[in-house]
Amino acid sequence: MVPVEHYFVLALILFTIGVVGLVVRRHLIFVLMSIELMLNAVNLVFIAASRALGTLDGQIMVFFVITVAACEAAVGLAMVISLYRRYGTIATDFLRTLRG
Amino acid sequence: MVSTFTPLPSSFYQAASPFLVLSVCALLILLSGVTKLAKNSCCIFVLTNIAFGATLLGVCCLSLPGRYLQDALVVTPLSIFLQLLLLGFAWLLAILTYFSHLRGDFFRSELVALYLFVLLGMMVFSSSEDLVSLFVGLEISSIGLYTLVGYTRVTRFSLEGGIKYLVLGSFATALLLFGFAFLYAVTGSLQLPVMMAAIASGQPSLWLTLGASFTIFALGFKLALVPFQQWSPDAYEGAATNITAFMTICVKIMVLSLLIKILGWVSESLGGTWVYVLGLMSVASMLFGNIMALIQSSIKRMLAYSSIAHSGYMAIALGVMEPGNSFPARALLFYLLSYALTSLLVFGIILSLEHRQGEAIQLNDLKGLAKRYPWLACGLTVGMLSFAGLPPTAGFLGKFFVFNAAVQEGHFGLVLCAVVASVISLFYYLHLVVMMYMHAPGKFVVENPNWISLVPRGILAGAGIGVLALGTILPGLVLALLQGLFG
Amino acid sequence: MNSIDAHIISLIIFLPLLASFVVALLPSLRVAKIVAFAASLATFIASLHLWFHFDPTSVDLQFVEQLPWMPELGVSYLVGVDGLNLLLILLSTFLTPLLLLSIWEFSGEGHKSLMALLLVLECGMIGALVAFDVVLFYIFWEVMLIPMYFIIGIWGGKNRIYATTKFVIYTVSGSLLMLVAAIALYFYHGEQAGFYSTSLLDLYKLAAAGGIPGEEYLFLAFLLAFAIKVPLWPFHTWLPHAHTEAPTVGSVILAGVLLKMGTYGLLRFAIPLFPQAVLLYAPSILALAVVGIVYGALTAWVQEDAKKMVAYSSVSHLGFVVLGSLAIVGNQLSAEALTGAVYQMINHGLSTGALFFLVGMIYERRHSRMFSDFGGLAEVMPYFALMLIIATLSSIGLPGTGGFVGEFLILLGVFQAQPLVAILATSGVILGALYMLTFCRKILFGPITHVANRQLVDLSRREYLYITPLIVLTVFMGVFPELFLSKIRSSVGHLASNFQHYHLKIAGVHPAASDAEPPVDESAVIQP
Amino acid sequence: MLGVILLSPLLGAVLNGFVVPKANKMLAHLLGVLAIGLSFGSALLLFQQFLAGGGEPSITYVFEWIQAGKLRVPVEFVVDRLSALLLLVVTGIGMLIHIYAGGYMREEKTTFRFFAYLNLFIFMMLLLILANNLLLMFVGWEGVGLCSYLLIGYWYSEGANADAGMKAFLTNRVGDFAFLIGIFMTYRLFGTLSFSELRAVVSSSASFDAYTLQQLTLITICFFGGACGKSAQLPLSIWLPDAMAGPTPVSALIHAATMVTAGIYMMTRLNFLFYLAPFTMEVVAWVGAGTALFAATIAAVQWDIKRVLAYSTVSQLGYMVLACGVGAFDAGVFHVLTHACFKALLFLGAGSVIVAMHHEQDMRKMGGLWRSLPITHALMLIGVLAIIGFPGLAGFFSKDEILWRAYLYPGSGHYLWAVGAFTALLTSFYMVRLLALTFYGKSRLDHHTGKHLHEISSIMWAPLIILALLSIGVGYLGVPGLLAIPGVKPHILADYLEPIFAVHQQVKETWAFAGAHHEPFWEALLMLVSVVLVFLGSSIALFSYARSSQPNLGPWPAPGARLYHLLSNKYWLDELYARFIYSPLGDIGEFLWRIFDIKIINGLLNGLGYTILGISGFASFKMSGSVHRHAIFMIAGMLALLYFLL
């Protein structure tokens, strides 16, 4: 049986990949995708913990996480589309007007 | 441990009645969007009033203290008080928006429904002690707020603010979940009391610290404490004023309700480092918030940074909490109440000053306001004095109690930083007063005269008098009330 | 204590506040002026009631009112009068009607709000003077600050914004430190005495009982707040700006009463609460005060602006008062110096107030404060010249005016404590004569250089009305000081003789038997 | 009785100042004279009662002035031999001068202010004399300083007069500074300020240890400092010559007869302290002699008639201080008496010359006036003879008494006498020179004044006559035992004042020399020497200035030219004070204000403000808007915090 810590470490790695993706990519779509990646990393931890502890709570939590991830993606994409339709660009460096 | 399905006791329905009423009304307003009623903002306004009224009735009379659905819904005097605060301020803000230039933009059926759902999410979050319902409540409110920021009055800034808020917000949600996951992994249960007991008894492990820290960081993000504060200026400036006001007041109430519960237990179990980190965050956000606000030219952005600073002051009280002594929590609540009342006053006035198409008010637009609109200027001055923490206002007593709590624990360093920060803050708060009173009036003129109608003036006057009264006559009463909350 | 005595102080505090609301809301200006003046006069008459019913022999607190305000924290609305603050209350209620009179024909706009602010200021001042609860004192201390901020800010001179912002930030930063120190004291008292209370009487018992840990830092925090207000030497740079930019009314009340808050605070809070720290720091504060005297005098002499000159002269005069309140002979304060300090506070308020009024009068006529614009006014305005000379003589401290009695007692007391310091301070008497006479010389004497000065009209009837009481009172205080000294002597003697274990109880209320009475040698208290 | 003496001048001042109609000069003059006359009459009555009552001192308590801590200062007046006498002098001479002033101030538009100040001055002087404690005396002390300031600067529209008034007040203030320190020390040593109590404490205590004696010396030095300020002795003598800017009656009353003698009066009043400090007495003696010589030399080269008289006053005051220094307080008071008479006479005479010459004060434009102003000339002659010590007149007796007592002073007595005698020579030289330049020799008047020359009105020369008689008669109060003039008892005044002086037995032997028996030969010899000196000085002056041909109006011939230059610039004392005290103070003030106040303290505070603004500017620049920058900031912050936690 693989000890549960390995799953946590894997989840941590996934999470950092997501964060790096968030920071590096200039493109809003990729930003949203990296957020999805982070949420999946969290799912991994929940399932691993639930498997180790033998209770089902973790898995219930995963369902909620997935639905919430979907909502965020939906809202995020909606905003990106309205931004594109109005201003023709979805690059993040366009979003610099609010600063200081 | 398979939990068999047991029919829910009738008391649950009574306790959950406010939530049910609110969600039903929100759905009704959403559906009304289909009919031609949607065009008429006035009847939507009536519907919202009904929704608020019913929920308030539900919270006041019907809710019974108790723990339901394995702590998913915990009704205690504290949670009732917080829900009353949330509902009260949200309602007042809705009324103020109705009488302001934002009526057309805001009172579309889907936005109002969204507004009520966000409120529902906050109430769920503040009255639950189970990770699942906490997470669900938090997400309903957060995602709802992203859209409200983005779409209330669609301009380039609101979209930009909304997107930034969404990206960073979801990043924080991921952090929060990560924290919950690790806490769940270490303590084995999703119910807060069980977890807290496990933490208190168990020995500190890496994963426990990691989980708890991520949770606190995420909540720190919501409160806009320093490392996680940069979303709030953009979101506040981008959003329409009433949404900004809603965010400053209600998000803080929501987050602090959880922090008050868990920090009481968690602080000494995680050892002294915890107090140290929170102290660090509070000092950093106090100094950063005040220093950054010094040179802002737009009022909303300045108020955003000032709200970061005020989160810093509240974080002092958080840092010194310990299970035995409930005084820091009461001090925090009093500070919250005074901050919320002052924000209502200030944002209400800004709301009534704004133009339909013009962009956010700059500081120099307020030049010589006192000559033209003396009572608005007077209200704004009282608000500024309360933010600055000068005595006759509630802000001073809030700060005084927080300093009291900090000195009781002997955190002199923290208090000295707070003193330095509030002296710096004095500068830009009084700069506003200088603009209004000590300069010749500029070209700025209030565009829509209809704010002269009775209701918004009544609300603003009530808020102003409340701020002054809370600073002089009422504190004894309010403290006794807070004392009651903590039993 | 009959029923009037029980509520007289609250009446004196809140009557002006009420009047200020009424004045702000009244539509017609004329009615507002009458209401404001009537209210301030009523407050003055009420304070006269205090004067006649004050029992000069007793050392205890009189006309006390105690109401629970925040019982949970032990904060109560505790107000009272004793020898130290009686005269200051009378000074502030006496000055306000004169202030309102002086702006009777105020040309600028916002006349009503100016009157309202003055009344709020009076309420703040009296509140701070009578408060015997640390939190209450702090609240009135800041309430006093805000109207002053607006008065200087709105009706001030050219760069009033810099002056008024500097004034507020300087004072608030000092007083915030004081608040933190007060809270620390409050908690230490809570642990020692078992019950939490911010009333000064309990804190005195704590201070009398013994050394408070970290007493020096707490004392320094209190001292900083009051030193900025006094202004003690290094912290004085806000005063000239505030005075030159403030309107006449603002300068008079600022110099008349607000500066005394600092010295009064020293006597009421800093000295009795931290006796050991006082013993430790007294020499250095005395040094600062002496430097302040000489520094203020010299800088006043080279000024070209009349108001700035009077401002620097206040720095010098208040240096004397600080000197007087910290003259330690053996393990007691010197009673003569302390009486002199309290007395000097009053007549500095009168003489500097009169000086500012007079400078204001010539400012109204010529719209300039520079000496170069004046000269030879005695020819054209003889009665103005007479008033100015008497006011100058009082501020020099010529015998026969109040200034001399105060200054003489202070110097006499300080001489017993530190002869060298006293000698240096007495040189301030010469420098005082130097700059004040140059002031008179430049304005009154010499040939009339500017043609505009030729047709200046002498004092109008109204101007007489508000300047003569000040002048007459200064001379009266010089010739018959006994009337005033008898009121303050017992309280001052009590503070001076046992400031190490100072305690104060409410008149008529016998302290609880269990309350161990710390050893007090009553011999020091002289029965008149 | 005492109330009338004190209150009538005060009432006069108040009435003149505020009540009486301004324009009416006659009423103002009448009121002024009446007030002082009333006071003089009651003073005479009081003196007569006092003598009848055996000359016992009586203290009248009026009311409690200041009481704080252990200090108790009541308003108490004492009438004893000294104060009763001086009461007569002040009110008497004051009345005469008030009468004269009416005539002198005829051309002035309004004189109410003048007479108000004069009456106020008399009131303050009486307060000074009658006070029974040091503090009340100090009130009078500063009061007279104030009145002299107001009166010197009476014609304030002329800037120089106002400056002169200010200079007088400030120099007096320096003296008062020393006086105050003396008061503090007395209070610290004896715990009381009242003269009678001080006298009782001193006489009752058996002996004094070294510390008290050292304290006493310091106290007496400080009091002497105060006296120097008021009586214009050397270090603080610069203000009296400039005080001539005031009207002549003012110079006569204040700067000759009354105020300047306050210093001597104070020392006499505290003689029991001064006797206990021989070192201070030595200092007093030498300062007195030095000032006398110093002023006499300068007077010899002055051309302004009033300045000559001013320096001569400083010189005569030097004599009085010398008398006090050698322990001959009674001789000092006697000289005060005689000097008051003949100096007032000289000043008023000079005043009438000035009025006659339409306010011309330069002697070089006078000459040969004895024909057109016969009465003034006669009176001035008597005055000059009295002051130079012509045998038979007042000055002769009082000055010789001082010189004799100085000679007897053990130790440096002989040198003191030599200085005094030489000064007497100079005195006779410059006084006769004054007389010669104004009245004798060729008339140097320009045509206009010559035609309008007229004798003074009767109201002005009537008081002069009385003063002339006094300056002759008063001398016979102190006839030395040697010249047994029939029908006149020797040393009347000395015996009258004797009970005031109380030499403590600890210092009995040091001051015994005055009482010891001396052969009359030496006294006669000294008297002869001084008479010779008088005739020598006056003959030189007559020879060089009274001759009909053109007298030498310029600087002295060859050998004395440099000396003349030194003297005419008044030893550059004023310039020295200005350079070493006045302007450095100004520079320090300027430095403190411009640099220390504005640059350092304000600079510091504004700097602090601007650094904070700078930080916020930099921070806001760093916070660029991009989401990624915010995310990086968050992560960095998080990692830093995690570092603390793990």
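We just call them A, B, C and D in the order they show up, numbering each chain from 1.
Just so we're on the same page, a residue touches a chain if its C-beta (ideal position, glycine included) is under 8 Å from a C-beta of that chain, and two chains touch if they have at least 3 such contacts.
Bear in mind that the values here come from a model prediction, so they are computed numbers and not experimental data.
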Identifier of the chain whose CA centre is least distant from the whole-structure CA centre: C
Centroid spacing, where centroids are CA-atom means, of chain B and chain C in whole angstrom: 44
Gap in Å, rounded to a whole number, between the CA centres of chain D and chain C: 39
Distance from chain B to chain A - Cα centre to Cα centre, in angstrom: 26
Chain A and chain C, separation of their C-alpha mean positions in angstrom: 65
Residues of chain A engaged with two or more neighbouring chains: 19, 22, 31, 95, 97-98, 100
Where chain B touches two or more other chains at once, by residue number: 160, 163-164, 167, 171, 233-234, 296, 427
All touching chain pairs, where touch follows the definition stated at the start: A-B, A-D, B-C, B-D, C-D
For the chain B and chain D complex, residues of the former touching the latter: 160, 163-164, 167-168, 171, 175, 206, 209-210, 213, 217, 221, 226-228, 230-231, 233-234, 273-274, 276-277, 280-281, 288, 291-296, 424, 427
In the complex, chain C residues that touch chain B: 68-73, 135, 138-143, 145-146, 149-150, 153-154, 156, 160-161, 164-165, 168-169, 172-173, 176-177, 179-180, 183-184, 186-187
Of all residues in chain A, those that touch chain B in their complex: 4-5, 8, 11, 15, 18-19, 22, 28, 31-32, 35, 38-39, 41-42, 45-46, 48-49, 52-53, 55, 57-58, 60-61, 64-65, 68, 71-72, 75-76, 78-80, 82-83, 86-87, 95, 97-98, 100
Chain A-facing residues of chain D, complex: 620-621, 623-628, 631-632, 635
Chain B-touching residues of chain D, taken from the complex the two chains share: 609, 612-613, 615-617, 619-620, 623, 625, 627, 629-631, 633-634, 636-638, 640-642, 644-646
